[in-house]
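Below are two complexes that have chain A in common, paired first with chain B and then with chain C.
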Partner chain A sequence: MRPVTFDETAVALEAINLSVTLRRSRDGADIPAVNGVSFTLYRGRTLGIVGESGCGKSTTAMSLLRLLPRTARIAGQIRFRGEDLLAASEERLRAIRGRYISMIFQDPMVALDPLFTIGDQLAEPLRIHCGLEGDALRARQVELLAAVGISTPETRLTQYPHQMSGGMLQRIVGAIAMSCNPDVLIADEPTTALDPRAQASYLDLLKMFGETYGLALVMVTHDMGVVARVCDDVLVMYAGQAVEKGPVRQIFNAPKHPYTRALLTSIPNGEVEREWLPTIAGQPPDLSRLPPGCSFAPRCSAAQERCSREAQIERVVGDRHRARCWRAVAP
Partner chain B sequence: MTLPVLEVSGLAKHYPVGSPWFHRGERSVVRAVDGISFSIAEGETFGLIGESGCGKTTTVKMLLGLEPSTAGRILFQGEEVQNADAATLRQYRAQIQTVFQDPYSSLSPRMRVEEIIAEPLITDGRLSAADRRDRVAELLEVVGLPKEAATRFPHEFSGGQRQRIAIARSLSQRPRLLILDEPVSALDVSIRAQVLNLLRDLQQRLGLSYLLISHDFDVVAHMCRRIAVMYLGRIVETGPTKIVRDRPSHPYSKALFSAVLAPDPDAVHRHIRLPGVPPSPIDPPSGCRFRTRCPLAQPLCAEVEPQLLAGAGGALAACHFTERIDSM
Partner chain C sequence: MLSYFLRRLGRAAITIVAVSLIVFVAVRATGDPTFSLVAEDATEAEIAEVRAELGLDRPYFVQYAIYVGDVISGDFGTSLRYKQPAFDLVVQRLPATLQLALAAFILSTVFGILLGILAALRQGRWPDMAIRAFAALGLSAPSFWVGILAILLFGVMLQWLPTSGRAHPLSLLLPAMTLALHSMASIVRLTRSAMLETSSAEYIKFLRSKGLPERLIIWKHALRNALVPIVAILGLQLSNLVGGAVIIEVVFNWPGVGRLMIEALVNHDFPVIQAGVLLITLSTVLVNLAIDMSYGVIDPRIKYQ
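Entry: the complex of A and B
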């Protein structure tokens, strides 16, 4: 696979005011899972979407390809190659999924079919989207496996998923995702199921993909260590909203939203036998019964009376840095 | 120094594989755990780390008496456990309890919280129903759950609260040692800190000892003063956490800790990649088991198995060429 030269300021995809409402099967209640989220993906850059379970990070990622339950309602715009993906036909989306925008999921054992060989599964997108057959197909398969760091690719093509380790399978999922040279790669917790050493080398591989092939990478994760390692930009989500977004160093070194700050201080920082960790009081809110005003106010140690009445809109707190908090100020 | 709560020496578990019909007399064995020794002091947290398949889980099974050991001894408060009579064994099993990774699968969805927490006490049979109720109420308070939680079902609780229920259950028989198997991996970041603080608080209040097993090295460093690193059924390095992590003497520990993902975008990464694939525990390499993947390996490593020897800062490492560690 040949490296590509690209313009780092070129926009690959733009999500504008994205909102997703899901129907809860238990009681039919409408859940505002994603609420007015906007972000831009650039070629060769990685955006990390971070937050805790139920904050809407995976739903946001899935909505880029409209991989949502039938009962879901999406509003807003997803601008990609001059069209709005939310207005595109199902047929058009099928031509885009796996070709221009591809995805890597958390568990490679679930993503791969146990009954088909690695070769079969790698051939599928190459046949459907790239029209490759015969020797050209095989050459491309071998090239892809080599690119994700798998030794003896010819042998591996004839093997089944159960014959390989989790780390190796996730590399194969990466090869399938990269098979048609996509513009955008969405990875949803891609290393959560891997051992620490496999995790670090997989992240390095994804980062290399982004930088070498001008791919726009979306990394959905709850792990701040993963964000620090691969992301250029960060979007912090809480209760369906983007509470803070900005360049990775600003988010880590000068977080403006109290939730981001609390999240960063509550993780063990490598100090040996530290006494107590600062915690965030309470639980994340039930999305069907969001509090009025700021969703984080009930758990926020800096909350004022105003916070539980009115929600703040995004404010500019630095260069490309935004936070949704009354108390956040520009440096 | 006080008597250690748990002392393990030369513990091993070998599983025979293959059909006995065709391999009579020469069946292969999987050396899942192959002679490990460590001890845990009263009130201490000891960390056991290593990758999938290194033998951590088999070690835990032997400690809990769920798997008989092939060789070695387990001493609990100075008493031998393996050949103990039924009564002693029963007492031992009450004293050593486990908290598992996933509070969604470790709690029965059909039982109320009070039944879950009281079940070990019912089996034990020493407390009356009224005393059991009091004990459940006390335990709920200890782990920071409201009294009303007793009559509810697990599905009514969040992950963090469920882990508190699991911790309450593990404490019901007043154990001395808790085995924490990835206790916070399934929890959200903001909830992790609450559970880690609770574990620390319980340790101080009840004088508990912990054996912590985790992939998250920052959690291990946060909780443990001493750790042991396992590779293919053996402990390759053990000692004070700070020394083993920051100045490792064994090439495997060094490679393992080089993979830590620090929550700092300016951290310098020097991830040491190891060549090859992990060897099978059925026929582990001769001499040092790590030699097939070790960047420092020499001919000697294939011939002589290195023993755990004192290295820098009070750590023990099993490597012939530990003085060359800086060249990695």
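Entry: the complex of A and C
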């Protein structure tokens, strides 16, 4: 795999005012899982989407490839290579999935079909998208496995998922996702199921992919430590909304939204001895019954009367730095 | 693999011995055949003589030991009614029963899997509803009743298909379909739920994210994964089919082992019953073993230990 030269300001994908409504199977209620989220992916840069479980970060990621349940409704725009993916046909989407935009899932132990060999599952996108066959296909398979750090790739190709460890399987999932040199790679909690050592080396591998091949990487995570390690930009989500977004350094040094601040103080930190890790009191709201005004207000330690009265709009708080809190701009 | 196979073979032998023992005792509990062999005005002495000739005057375990010895040397006894070797009588009828059971097995497997897939793909819509209603009916309707209705409809009213015997090439169709119904209904239900379960698996989502066409996802990946539990019940279904064949053979006058054994039961023809049950058990056990050995072909995770 050859490194490519690319322009870091080149936009790879742009999501504009993305909203997703899911049907809750329990009671058939419509859930606004994602609510007016916008972000831009640049080549060679990594965007972290962070938030608690159920905040809509995975739904946002899955909607980029329109891999949502059939009952889901998506609104907004996803601009990619001059077209709107939300208007694209299913056939067109299939040509994009795995070719230009690919994905890595959370649990590598269940991401591969247990009944087929690694080689077979790695060959599928190469056959379908790149038309590779025979010796060329095999050479590319070996090259890909070697690129993700798998030793003896020839042997591994003939093996089945149950014969490998989780860390190794996640590397193979990475190889499959990278097989057609995509523009965008979406990783949904890619290291959550791995042990700490495998986590670190896997993040480095993804980071290397992004920088070497000009990949726009989306890292969905609940772990601010992961964001600090690999991301260039970050999008903090709460109750389906982007509450703060901007370059990682700005957000870590000067978080503007109280939720971001609370998340940052919840990172375990080896430097300071603490008996208790601070947590955010309360629970995220039920998405089908969002509170009026700011959805974070009921849990916000700095909330005032105004917060639960008026809905919050996105405010400019710095160069490419936005926060959805009126206090963020207040002196 | 070989040691697993040998162990399974050993267990099959135990099954066959157990079945032979149960049948041996059970047929003797149904009555004494001596009375149907002697004249009505036979004296006590004459009856005792015939009984001694048949060896029925000895204790069960002595009779069984003699029987086992005979079977090992290839002698399954002589039919009390036909005065022919019981083994020959059964073997003559075996092809008809195997043909019926096998035809029903193929019908139920092929259509059961296809309808199950169709129901899963159209989940919640009318084809799914119709197939599920049909499966519920197939599971709950007794086969002799379905057989009689089928004869009435296709044989008497529409006159499309022959209803009795084995003379016509199409004779197989009605009894095989009737026999297949129950087992097809179970396979439909299992296939539907297995397909729905595999369709929501994470690896199916990952396959979609790779841009694979839907037909490849369903027919290559989802179906093969769904086949794992389906193949596991096929052996059971086959045993049910062979057992169910007995009733179907009577309803459709199909000249198989089942009908022979019903006649033999009525006549207290012990050797024929014993030989029939033994041969049917043997074929069922062997086919089950073959099905179990085929798991490894479908699922690489299975190790024969």
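Following the convention adopted for this analysis, the second predicted complex is superposed on the first by the 324 of 331 C-alpha atoms of A that agree within 3 Å, B and C clash if a C-alpha of one lies under 4 Å from a C-alpha of the other, contacts with A are read in each partner's own complex, and residues count from 1 in each chain.
Keep in mind that, in the parts below, a contact is a pair of C-beta atoms (placed from the backbone, for glycine too) under 8 Å apart; a residue touches a chain by one contact, two chains touch by 3 or more.
Just so it is clear, the model here is predicted, and its values are computed rather than measured.
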Quiz item: More residues of chain A are touched by which partner: chain B or chain C?
Solution: B
Quiz item: Is A:316 touching the first partner chain B, the second partner chain C, both, or neither of them?
Solution: neither
Practice problem: May I ask you to decide whether A:99 touches chain B, chain C, both, or neither, giving the answer as first, second, both or neither? | Solution: second
Self-check item: First, second, both or neither for A:4, with chain B first and chain C second
Solution: neither
Practice problem: Check the residue A:114 against both partner chains and state whether it touches chain B (first), chain C (second), both, or neither. | Solution: second
Quiz prompt | Touched partner set for A:29, first chain B, second chain C, both or neither | solution = neither
Practice problem: Using the superposition on chain A described above, determine whether A:139 touches chain B (first), chain C (second), both, or neither. | Solution: neither
Quiz item: Looking at the overlay, does A:75 come into contact with chain B only (first), chain C only (second), both, or neither?
Solution: neither
Quiz item: Touching A:200 in the superposition: chain B (first), chain C (second), both, neither?
Solution: first
Self-check item: chain A residues contacted in one complex by chain B, in the other by chain C
Solution: none
Practice problem: Could you please specify the touching residues of chain B with respect to chain A in the complex? | Solution: 51-52, 158-160, 188-194, 196-197, 200, 215-219, 221-225, 241-242, 245, 255-256, 258-267, 269, 271, 273-274, 277
Practice problem: Under the touch definition given earlier, write down the residues of chain C that touch chain A in their complex. | Solution: 201-203, 205-213, 216, 221, 224-225, 228, 298-301
Quiz item: What part of chain A is in contact with chain C in the complex they form?
Solution: 65, 67, 93-99, 102-103, 105, 107, 110-116, 124-125, 128-129, 160, 162, 173, 176-177
Quiz item: Can you name the residues of chain A that touch chain B in the complex?
Solution: 52-53, 165-166, 195-197, 199-201, 203-204, 222-229, 231, 248-249, 252, 262-264, 266-280, 283-284
